[in-house]
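The structure's right below; bear with me while I get my questions together.
Each chain carries a letter (A, B, C, D and E) given by its place in the written order, and its residues are counted from 1.
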Amino acid sequence: MSRKITIPVILLAALALPFMTANTYFHHLMVLWMLFSLLALSLNVIIGYIGELSFGHAAFFGIGAYTAAILGMHFGLAGIPGILLAAIVAGLFGFVIGYVSLRIVGPQFAILTLGFGSIIYTITNYWVDLTRGPMGISNIQPLGLWGGDGIALTSAIGYYYVILGCVVAFAYACHALMSSRTGRAFIATRENAPLAASLGIDVFRMKLLGFVVATAVAGVGGALYAHYLTVVTPDVMSMQYVAALIIMVIVGGRGTISGPIIGALIYVALLEALRALGPLRLVIFAALLTASVIFLPGGIVSLWRRITGADTPHQEGAQ
Amino acid sequence: MLEVSDIVVRYGRREVIHGLSLKVAEGDVVTLVGSNGAGKTTTLKTISGMLKPVSGSISFDGERIDKMDPHEIIAHGVVQIPEGRLLFPDMTVGEHLELGAVRARSGGRSYGERIDWIHEMFPILLERKEQKAGTLSGGQQQMLAIARGLMANPRCLMLDEPSLGLAPIMVDQLEDTIKSLNEAGMTILLVEQRVDLALRLASRGYVLETGSIALEEDAKVLLADPRVKTAYLGI
Amino acid sequence: MDYVVFAQQLTNGLVNGMTYVLIATGLTLVFGVLHIINFAHGEFYMLGAFFTYFAAKLLGLDYISAAVVATLGVAVLGIFANRLFFWPLRKEHEFTVLLSSLGLALLLTNGGELIFGADPKYVPSPFADSVFEVGQLIVTQQRVLIFVVGALVLFGLNLFIRHSRMGKMMRATAQNPEGAALSGVNIRQVYTVTFVLACGLAALAGALVGPTAMIFPTVGSWAVLKGFIVVILGGLGSIPGALIGGLTLGVVESLAGGYISLGFAQAIGYAIIIVVLLWRPQGLFGTARRT
Amino acid sequence: QDKEPVRIGTIAPLSGPGAFDGQLAVEGMEAMVEIVNENGGILDGRMIELVKYDDKGNPEEGVSAAKRAIEQDDVDAIVGGWFSSVALTMKEVTRDRIINVMTSTQHPNTTKEGHKYLFRLNATSVMMSETYAKFICDKMDIETIAFITINDDYGRLEVENYERLLDECGIEVLGNEFYNKDDTDFTTALTKLKALDSDAIYVSAINTAQGATIYRQIKQSGYKGTTIASAGNMNPKLVELSGPALEGVYSVSLFAPDSDSEKLKAWMEQYGEMFSNEPSFIGSLGAQAVELLAGAMDEAGSARDYDKIAEALRGHEWETILGTINFDEIGQAMQNIYLVQVKDGEITSVNE
Amino acid sequence: MSKETILEVSGLTKAFGGLTAVKAVDLTVQRGEILGVIGPNGAGKTTFFNVIAGSLPPTSGSVRFKGNDCTGMRADRMARLGMTRTFQITSLFPALSAIDNVRAATYRHKKTGWAAAILRNRAWQDEEADVDAEAMRALEFVDLGKRAHVNAEALSYGEQRRLEIAIAIAAKPELLLLDEPAAGMNPEEGQRLVSMIKRIRDEGISILLVEHHMRVVMGVCDRVAVIDHGEKIAEGKPLDVVNDPNVVRVYLGREAVHA
């Protein structure tokens, strides 16, 4: 099967998906899937492309959500300008935080992002005048074109298509990145920073670029989330979301485009399917999660590679 | 003493050693010659237990060692000095020597004697006893790697490109060291890109080509063999 | 009067700091030796507290014996955790291992909720409510116990890592596993010992800190985050670093809470860590990573 | 008995930090369901069936759960909204679509911005604090007070209310410390509060584990003044966990376990048969929700005619396990508020 | 060939705490020249490279490259100016295939970025085709054409060393710093390396070479400098240097006979 066939087929399937069922609850799940796909893809830029771990990604998601909520609340900007502003604000935070912390790599970087994330979380909780504190902001307007112009998106299907559009656009951008000189510089930086530098790659700038893009896209995700759920609380910045996103990226397959999307699907679908199990739900989920990690360390996408026989040589047998 | 028979080794699905056999007699110096990627390092790693053969057997002193873990093999007296040194950058020279002895074979020189012997052989290691290995120069690191291996009190020492990165004067010294180790009764399996040097030191040599033995001869004969001359010595 | 309050806050900070230290040491070991970010560490802390509770309740042991039993029990669990969740992944990318530990953490928390019940529990300790009074300073005996045991454990562990043969093997494995294997280090044994020690330390922390608050199956997630911060602040894999890092964090939080704002105390703690890391990326006691 | 059951969706935190509260709530509901079903069910023999959903104490999960209940599982009514943040979010999903009885949430906006099918059982924090403040002023011999408060909407409202109410009656508020919902150590805050040397410390804590820790640590800090427990959070587990630290402490509650109401006794008996936990306030709210829904559906003659059910609920006073209750226009319940005190490890109501 | 100075190092010193690894070294490289640097283990050669290439800041002294003062300039900026180096300890992108390793190295002299890739415009298409062709040529240059799709970590040691050279030349530097390129090669391969280096020079690239294989040094170098204990102790024509008794004593030993 060549790309030329599979990609249009998958796109058509994604477009047709909502018509498979009239059940609006499934539509809701599809929206969540797309939303998480967008977020996981953005985190994948950090984890998969620049090779660092960020524990602060949910904070940027939250910043986007709050920006959209506050703009909507105070200025009636509930449309495209609001989303763009959410991206800009989240990206600006990403720039400042990235600028400060990307000089440091590895676990130390992860903890720096955790620190920044927690500070943002704490401020969100305490700056009641702006954010309404722990109770969050509810009754956020639904998404419109420019906001306040009467066109408002209320159905889950509508959101599904809007977010699907974002996911497709961003996935394509990631694909283009990987087939460009800039993308090669990303990968070189991830694989061996000193060597990359000796080849003329400005390692810091590459990382910063990746980080800002990732945080801005997370901001878009946050804004869409806020409009769709109409509520945002500081909880969206909690470690729970960070962990969920990391799970999606790695279980799906980091550094790939289909991986995070599949990871998001599995996350949403599995938790839903296990709902019937009651208290056992999360135990089974955790067991499946660890089993998948242990048996498919390269993520679900590596299964595909295994089946099709595209072998990656890989040390084995030593003690 | 060391007998490798018909081993097959794979990395993942790729088979890189296809039924290789070799023998090293007690007290001998045997060298393995082959171009880049022929499988020399792979062979040594298999003997030392870092890789497991898919089939075939390896025995040392009549005992099967191919199912053992590296630390057990070391305890039997088979020690590999790895290509690329593999030191512990933040640990001191002294600690390396101590660690070399964690699975030392019993018998032979005592711990203290070995330390003195090594310091005599490489005085710089005594001088830099407290320095961290990561800050040693390339050549100093190579000496430390050999010293660490010797601390295990080996009977059969496998050296993988020991001259790597050594200045000519140090290579001389290495040559002398290997000679004296052998004279002291140590069996040596040597992999060395300086084929001339290796064949000078060895009594027998195996020529390895893409994972199997192409030639097995007396070292002197190989040194004179025109095929070896053109393929490996560049003359 | 102000003086007394300050001294009391400082004492509170030091004791809280020591609880962080206890949690962080096991983490720093696994982190330092095996380069594993073990998200499940907090869950072993949780298990330590719960095992103490059940050992006291079901076996009728006194607090000290229960704590010892719990510590040993969880240390043994460390063997299985390593065998099933970490050892098989030793050659995989660090993020993969991290996810495996995250899975283990979820498994233990949710399994704990199922088995132990979701209701909070209290680990009874005879030292919990009795206090030491020094002048106007008041500290419970339990807190004094935490401090003293913490200091002793740290001291012992540091000696072990620096000078024992196993400690050296652990450090060697940390820096070059392949080189260690070729020097005769039994890597598998190093993995096992590291996890046994780390889990035991986490459990000991749980058993000691348990009686100062209520326990419930999700306490671990709090513990692991604090632990990480301390580990990074002090320097990866450094035991003295964990000590200084933990105490610093405890005192900073307590003074920030006492004199600036309680709600922001944690955030201020984070801010200080950020500043320290920017100044010394390798942490207070860490060695710089060579590239 | 083969009529289709009436299905009530219950959305509660069944995992995560709020899991214990969720468990108590659901147990309370199950005990009441059992009672109703044993008496022949409702609507001429239809049994009640609970469909449980976990919201993890998280608004987004709450939304998903509510959507699933309505759109996928097609339940007849929803009981939920234990945590304010979840309640505030969830009500937007249920808005004008389904009967939604909210339970323990105390946030005024739950009903202020509610909808035509939304009812809330718990008193708002304003109502609670008015009663409680009066008691504190009249009956307690204190002149100064300090607060230790959870930093969430509930806690913030509480301090706001009490600062005003107590000030009006001449009790001076010396200070307040906010703590966070994941804190486990309060010595720093308590050291500060102790230094204020107030006659009383008011502890605002919803979470049982945190509450018990605070009470214990107050005792351990050597504080000698009066401890006052926040309204609506006294429960047997808290008493058990806090040990002697809670002895003699007052609180107000909708639930007085020693009340002589027959209905309450029956429910507590049923609860004791079915579960090992002690019946709690939060459980009694769950039970009351089931009781009210059953009654209103019977009266409306339908499980689906929400206008009629809502009308029935608003229509008159109801006799329930917690005594008489009636709802105002926006669905807010008016209930009895009891003053309770811990005596010999038992929660007893204080009869004036 | 015109006598244009491409690199001028003067008084370069680098100290690590108490240890001065490089002491006031002066050195110049002419355009098109191959200059060898030899010296005993631990003499400070690698440190010298690190300071010139911007991987370490110097303690004192100056580095001028193509007439610009580049003292203490960051490694990536040096690289963009046209100086590329290899590392003594093999340094590759281990998880990437050999060809991807080399592709990454073309970064310096390519222009189109992410935006062009999104638009898939003409410039991008042409450049990608160039990148592939250049990468393949570099691999073939070092005889790794057949191994193009093998991951770098799966190559044998000697192959990895050659891949490093391919990476370095794909960056199209003006000055190439090679740190022991022949390590891990047998004499025959060393001879092939000699011709390879000569061919690189013939493309107009100047080379600074650290090497212990005297046959390689003698085979390619126009001039040789000797460093011992951080100090330059000799400099000149290869034959003159190897006959310097001082050099024989500290460095060559018995090899002097063979050289």
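Heads up, the rule we're going with is that contacts are C-beta pairs under 8 Å (C-beta built on N, C-alpha and C of every residue); 3 or more make two chains touch, one makes a residue touch a chain.
The shown structure was predicted, so the numbers you read here are calculated from the model rather than taken from an experiment.
Among the remaining chains, those touching chain C and also chain E are A, B. Summarising the inter-chain layout, the chain whose CA centre lies farthest from the centre of chain C is E. Centroids of chain A and chain D (each the mean of its C-alpha atoms) stand 36 Å apart.
Here the CA centre of chain D is 74 Å from the CA centre of chain E.
Inter-chain spacing, taken between the CA centroids of chain B and chain C, is 43 Å.
Across the assembly, chain D contributes residues 15, 151, 180 that each touch 2 or more other chains. For chain B, the set of residues touching two or more other chains reads 11, 14, 50, 69-70. The set of chain C residues that touch two or more partner chains comprises 110, 113, 178, 181, 187-188, 263, 266.
Residues of chain A that touch chain E in their complex: 172-173, 176-177, 179-185, 187-188, 191-192, 194-203, 312-313, 315. Against chain A, the residues of chain D that register as touching in their complex are 14-15, 52-54, 56, 58-60, 63-64, 67-68, 70-72, 84-85, 88-89, 92, 107, 109, 113, 151-153, 156, 180.
For chain A in complex with chain D, the residues that touch the partner chain are 23-26, 28-29, 32, 125-126, 128, 133-136, 138-139, 229-231, 233, 235-236, 240, 272, 275, 278-279, 281-282.
Residues of chain A touching chain C in their complex: 47, 53, 100-101, 103-108, 110-112, 114-116, 118-119, 122-123, 125-126, 193-194, 239, 243, 246-247, 250-251, 254, 279-280, 282-283, 285-287, 289-290, 293-294, 297-298, 315, 318-319. Against chain C, the residues of chain B that register as touching in their complex are 48, 50, 69-71, 74-75, 79-82, 85-91, 95-96, 98-100, 102-104, 134, 148-149, 152.
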